[in-house]
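Below, chain A partners chain B and then partners chain C, in two separate complexes.
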Partner chain A sequence: MLLILGRRALSAIPILFVVSLLLFVALRVLPVDPAAMSMPPSATLAEIDAMRSQMGLDRPLLEQYGIWLGQAAHGDFGQSLHLRRPVLRLVADTLPATIELAVAAMLVASVLGVGGGLLLFTLRGRRSELVVETGTTVLMSVPEFLWALLFIFVFGVLLHALPFTGRLDASLPRPDKTGFLLLDAILVGRADVLWSALAHLVLPAVALGLAFAPPIMRVLRSSLLDVYHDDYIRQARLRGLSEGRILWRHALKNAALPMLTLMGVQFGFLFGGSLLIEVIYSYPGLGNLMVDAVRNADLPIIQIVGLTYCVLVLAINTLVDALYVVLNPKLRGR
Partner chain B sequence: MILHAESLNVCMGDVPVLRNVDLSLAAGQVLGLVGESGAGKSMIGRVIARMLPAAFAVTGGSLTFDGANLLAMPAERHRALLGRDIAFIPQEPLTALNPVLTIGHQFNEHLKRLGIPHRREAALTALGSVHLRDPAGLLSRYPHQLSGGMCQRVLIAMAFAAKPRLVIADEPTTALDVTTEARIMDVMVELQRAHGTAVLFITHNLRLAARICDDIAVLYSGAVVERGVARDVLAHPAHPYTRCLQLADPPLTGPRRALYALPENMPGLREAMRTKGCRFAPRCLIAVEDCRRIDPPLGPRAACLRTEFTSGIATPIAEAAKPEIGTSAVLEVSGLAKRFATGGLFRRAAFVAVRDADFVVRDGEFVAVVGESGSGKSTLGRLLVGLETPTAGRIMLGGQDVTWPSEAARRHRVATVQMVFQDPQSALNPRRRVADIVTQAMEARGAGHAARRSRARELLAEIGLPEEAAERTPQQLSGGQKQRVNIARALCSLPRLLIADEIVSGLDVSVQAQLLILLARLRTEHRFALLLISHDLAVVRHLCDRVLVMRAGEIVEQGDVGDVFANPQHEYTRELLAAASA
Partner chain C sequence: MKAFRSGRVIVGAVIVVTVLLCALLAPHLAPHDPDDQNLLAQLLPPAWQAGGDAAYPLGTDGLGRCVLSRLLWGARVAMEVALIASLGAALIGSVLAYVAGYFGGWADWIIGRAVDVWMSFPPVVLSLILMTGLGTGERNVILAIVLVDWTRFCRVLRSEVLVVARRDYVAAARLVGFGHWRTVTREVVPATIPLLVTLLSLEMGIAVVVEAVLSFVGLGVRADQVAWGQMIADGREAIYQAPWTLFAPVLAIFVTVAGFNLLGDGLRRTLDVRMVEGRE
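Moving on to the complex of A and B:
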């Protein structure tokens, strides 16, 4: 088990190298001049040139990458050109918000997906199956940003039921301990903060989660259908076990395996999807940081945010692999 | 009567599947239900379990368990019987246990439902009663860590744990090799006697049924055509179908005789519905005009108008003249070994699948490799066709060294040796037409469409398939037809050596006889050598000239089939023969 995790962590290193190189080259090839961007508009060409060589931008690309890599190894990923702060600090400030959102959305997607999958499965062969299936198709064909806008309109503007900007009421103090707002609120024991944070999280998390639920439903349904053709289900019935027990104790654990793979892949996509949602809900996370950086051609930020996404996806994959081993005894030592 | 069926009828839509089936099984008795695939024998188990496939329904008759109406009782009461009073032993032990739960977990769940106290002790006792070693260690293991035989023992232990009054065993040993089969049957009979359980034993193997059953009922096309005391049915079959089944099955002892292959196949359900008179008449050797008009009712023994002529059906005892065997070797294997590395990053271990194999196959010679599962016989076959690379030794094919993979070796190998795989279902691409499948070997040579078509026609004629089969896909063929196509594909470019891995296991005896006769005929026509990997000693004895006996990767005995079977030298060979003839 630990061996598998360790092996996965080791194999992540070359992947990170490749991704960082790709990011670096792609960003340098872009027709953007960081030197010019970092100078006041009144700067002369000579001043910009001086800045360029001071920043090392006139050296060969590979050498630039080497320098960047050397600094990165010491934990220095550079300064934001626009915000004039270390980019690592910026990521550390915004990442918890995004993780909170993504985990909440994944929770929503899992609950809806598993519930819907079970519902679809129990309705198999009945006429009502068609109704539910059409429903999931509608769910699936609406993109998350449309849900986001719809929710703002209905719950925010029309009903005034839920807040739809930021992470917390402006009147409340922001506890600053881990950056994870829900956790911090519990740590400082402020129920009002926790409540407000939750209220702010509901709409973006549901909008994001809703888009990811239907594939989970479908995969769970179809793998349950497959599993029910297997001999051990028939044998369990022949032993006189109840249908409920067969579903929960025998079929679900087997059917969960393909679903888990899908959820791992989706969790990666979810971080990408959070970008739009964060912008729509003015949610101060990694996505908003990224969008601002792109707008300002703030290359160091773009670079580290890209790398952060890469690390996140690799971490999730490793986690899913580990879970897979826990659930599937065939993958444990022979 | 524990189980009693009276004119039970099951239909699929308006097509009859079971017709007026009468069965009675008394407490403590074993009733064998014998028939080929499609005869409806498994349908009776499904009716008892109330697990008929969609569109199937009981349309008449009665079925009682200990006097209670199994067809009409409420679902809850029926479910309460399952596992407790009526237990089932499945056909495929490896897939009948949940792969993600330990044996202990599944046993515990079963015992808990039965309300048995001290479940751990009860499970250990039950596992001990089927002679499984280390029952305590077994509880924490998963099904994939056990062999098929061990899984079946676990399932038998579970079935008998409730001390049921009726056990339904549907082909419980079909998926197992001969030695395991014998041991599993012993275990089942032992428990059956100890508990006085009634057993409904469903099988396609008449010999096996006769060995353990008190009574036998033979099913053909959904109806019982013969019933009686097991010994009598085997010694003096009254229905021509039973007699033909017997003649299709090669004997393990006595003189080698020709096999009788029933023509065609058992009629499909719809086709049978249109048949007037006796449904066996179209395939029957002794049918007369009356047989085609009158559907004979089941008499005291058989449903046949001409039982007195049945014993006259026979096959020639005289051994068919064996085609001559060449003197040159098509395959020479010396010191061949294969080791597989197992274990993780830090615990390296090696599993020796084949060690020090030395043997020769001469031109035109049929050689068998026998041994139980895990003896390395399939690995040997895979080494010979180049699907595995040996760890040591030498393989000479037609005088050329093909031990190590190279382009020249590959070409030579492809031209000299072809393989027929065990499972035609997965060996044939379901998306291609039969004509394309059988001429696959010509594809690589870039043969033209017309040449391939005409070769396909020839091949189909040789394997006895109608010409229009060329345009069908494998799904449209029966199991026996698929295996014929599988053989035709290997024969397409007339290899000097054919390697066949268990090509008749899992087929009905009549289909097996058809294939064995086909192979013998093709041999005289084309003169190729055959290496037959099989666990069925009777088949080996019938078809082959020489036999290699493998155990744990090693060839422990080899020699002429007649000599080895009559006078086995190695203890293991004796064990195998004893298991097969028990």
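Moving on to the complex of A and C:
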């Protein structure tokens, strides 16, 4: 397992390298001058020029990238132009919130996806199948940010049932240990903090999860249909096993593999979707940091947040690939 | 055509054509100029509610602008972006897919790695970064969508081309003396058209969403153009006083995307000869 994981991780490194180069070049050809932006408005042109050469902006692009890479290797990703703090710190502060949201949303998506997929499968060949299937197509047409807005309206504005801004009630103290709020609340043993954090997490997580559930439903259904054509299912039927036992003990194991691959891809996309959810729910995560940075043309932040998203996606892909090999006996021993 | 007997295709096509007509005829259909502010009639409810004004069928927003007119004009931007961007993405993605799938070898390797690099970005993040670089404006939104979403076509089509290009009839065409160009355009491309049409329809729905997202964040079309995403951002501010200003664009996006998805889904089912017993 570890060996596979290591091998997959190694193959992700060149991709990360190319991505960082592309990001660097793309952000440097922008018509924005980071030197001028990092100076007070009263700075003279000469001062800005001095700053530019101090920041290395007058050198060739590849050399600049080399310098950046060298600094990055030492853990120095630069300062935010706008917030004037090290960008690595900013990412470290916001990343746990985003991971918490994405994992919660993925749980929602998995539960709904597997449940819906099984429902679709059990309805196969019946008239109601068409209705439910069209339902999934319609469900797929609601992107996560529309769910988010609808939930705010229904549960926040109409019913006043759930909070819809931030991660925690303003009156509660924020336990500061790992940055993962749910974990922190348990660590310090505050039930009220945990409760408040959960209440704040419900709407964003469900909105995000709902948008990613329909593809899981469909893939599970179609791979179950495929699996039921296999001889071993017929064999199980001939042995007199009950339909329920065949589904749960025999078919689902094999049908889960394509679903797992899809969920890996989905989890990556879900991080992208979390960006919008964070903006809508004023959730202090990576997405809000990114959007603010884009609005302020804060290049160092955009650069590192872009990279962080890449690392997350590649890490998930690596994990899912390795898991796939572990779970699929056909691929073992290769 | 078999395709037009499918319920999904019909419903989807009707929705898409309706939205397209709204977009094309917006200048004639809209009761008001979408940017006309009537400060005496701010946040009017829809005409059928108490206090509504028949001159503003769907009410007005916080600046007294007609919601219906803005919706119709927003459809113009949405449809323009959807059509042009998805055609552009399809063009780039499919050309690369044909090259990669047909020739294989190092061309396939390079294109495959490029797709890997692109896929390591969540699409929303990549389009945001591109929009920072390109600046706002409808043309840049289209460009960003093309640059982000070509991989959707490339990935799926490539594996299809791989299968088709190794069929006997393609080898036969080569043996008869067809050049590469003629083989690909006459023998390989027609076999992949159904898949391409389906992907195109689904991509149009995606493009509508992406345009709305970018406009919502304030990085979409220019401020003087009306876009659904912008209307949502405005409506969110007035969620307590005037929820209809939020619902109108939300509903418009939902219906349009559902139309494209139903159409694409229905086409896939009817055009794909391998679909037996509802397999996907």
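Here is the rule we use: the second predicted complex is superposed on the first by the 333 of 334 C-alpha atoms of A that agree within 3 Å, B and C clash if a C-alpha of one lies under 4 Å from a C-alpha of the other, contacts with A are read in each partner's own complex, and residues count from 1 in each chain.
Keep this in mind: contacts are C-beta pairs under 8 Å (C-beta built on N, C-alpha and C of every residue); 3 or more make two chains touch, one makes a residue touch a chain.
Predicted model, so just to flag it, every value in this text is computed and none were measured.
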First (chain B), second (chain C), both or neither touched by A:C310: second
Partner chain(s) touched by A:L22 [first = chain B, second = chain C, both, neither]: second
First, second, both or neither for A:D226, with chain B first and chain C second: second
Partner chain(s) touched by A:Q235 [first = chain B, second = chain C, both, neither]: first
First, second, both or neither for A:W248, with chain B first and chain C second: neither
First (chain B), second (chain C), both or neither touched by A:R124: second
First, second, both or neither for A:S141, with chain B first and chain C second: second
Partner, of chain C and chain B, that touches more residues belonging to chain A: C
Intersection of chain A interface sets (partners chain B, chain C): none
Contact footprint of chain A on chain C as seen in their complex: 8, 113, 116-117, 119-125, 128-133, 205, 209, 212-213, 216-219, 232, 236, 239-240, 243, 246-247, 250, 253-254, 257-258, 260-262, 265, 277-280
Chain B partner contacts - residues on chain A that touch it in the complex: 3, 7, 230-232, 234-242, 245, 249-250, 253-254, 327-330, 333-334
Chain A to chain C touching residues, read off their complex: 15-16, 18-19, 22-23, 26-27, 29-30, 124, 129, 134, 137-138, 140-143, 145-146, 149-150, 152-153, 157, 218-219, 221-222, 225-226, 268-273, 275-276, 279-280, 290-291, 294-295, 297, 302, 305-306, 309-310, 313-314, 317
Interface residues, chain B side, partner chain A - complex: 49, 51, 79-84, 87-88, 90, 92, 95-102, 109-110, 113, 142, 144-145, 155, 158, 342-345
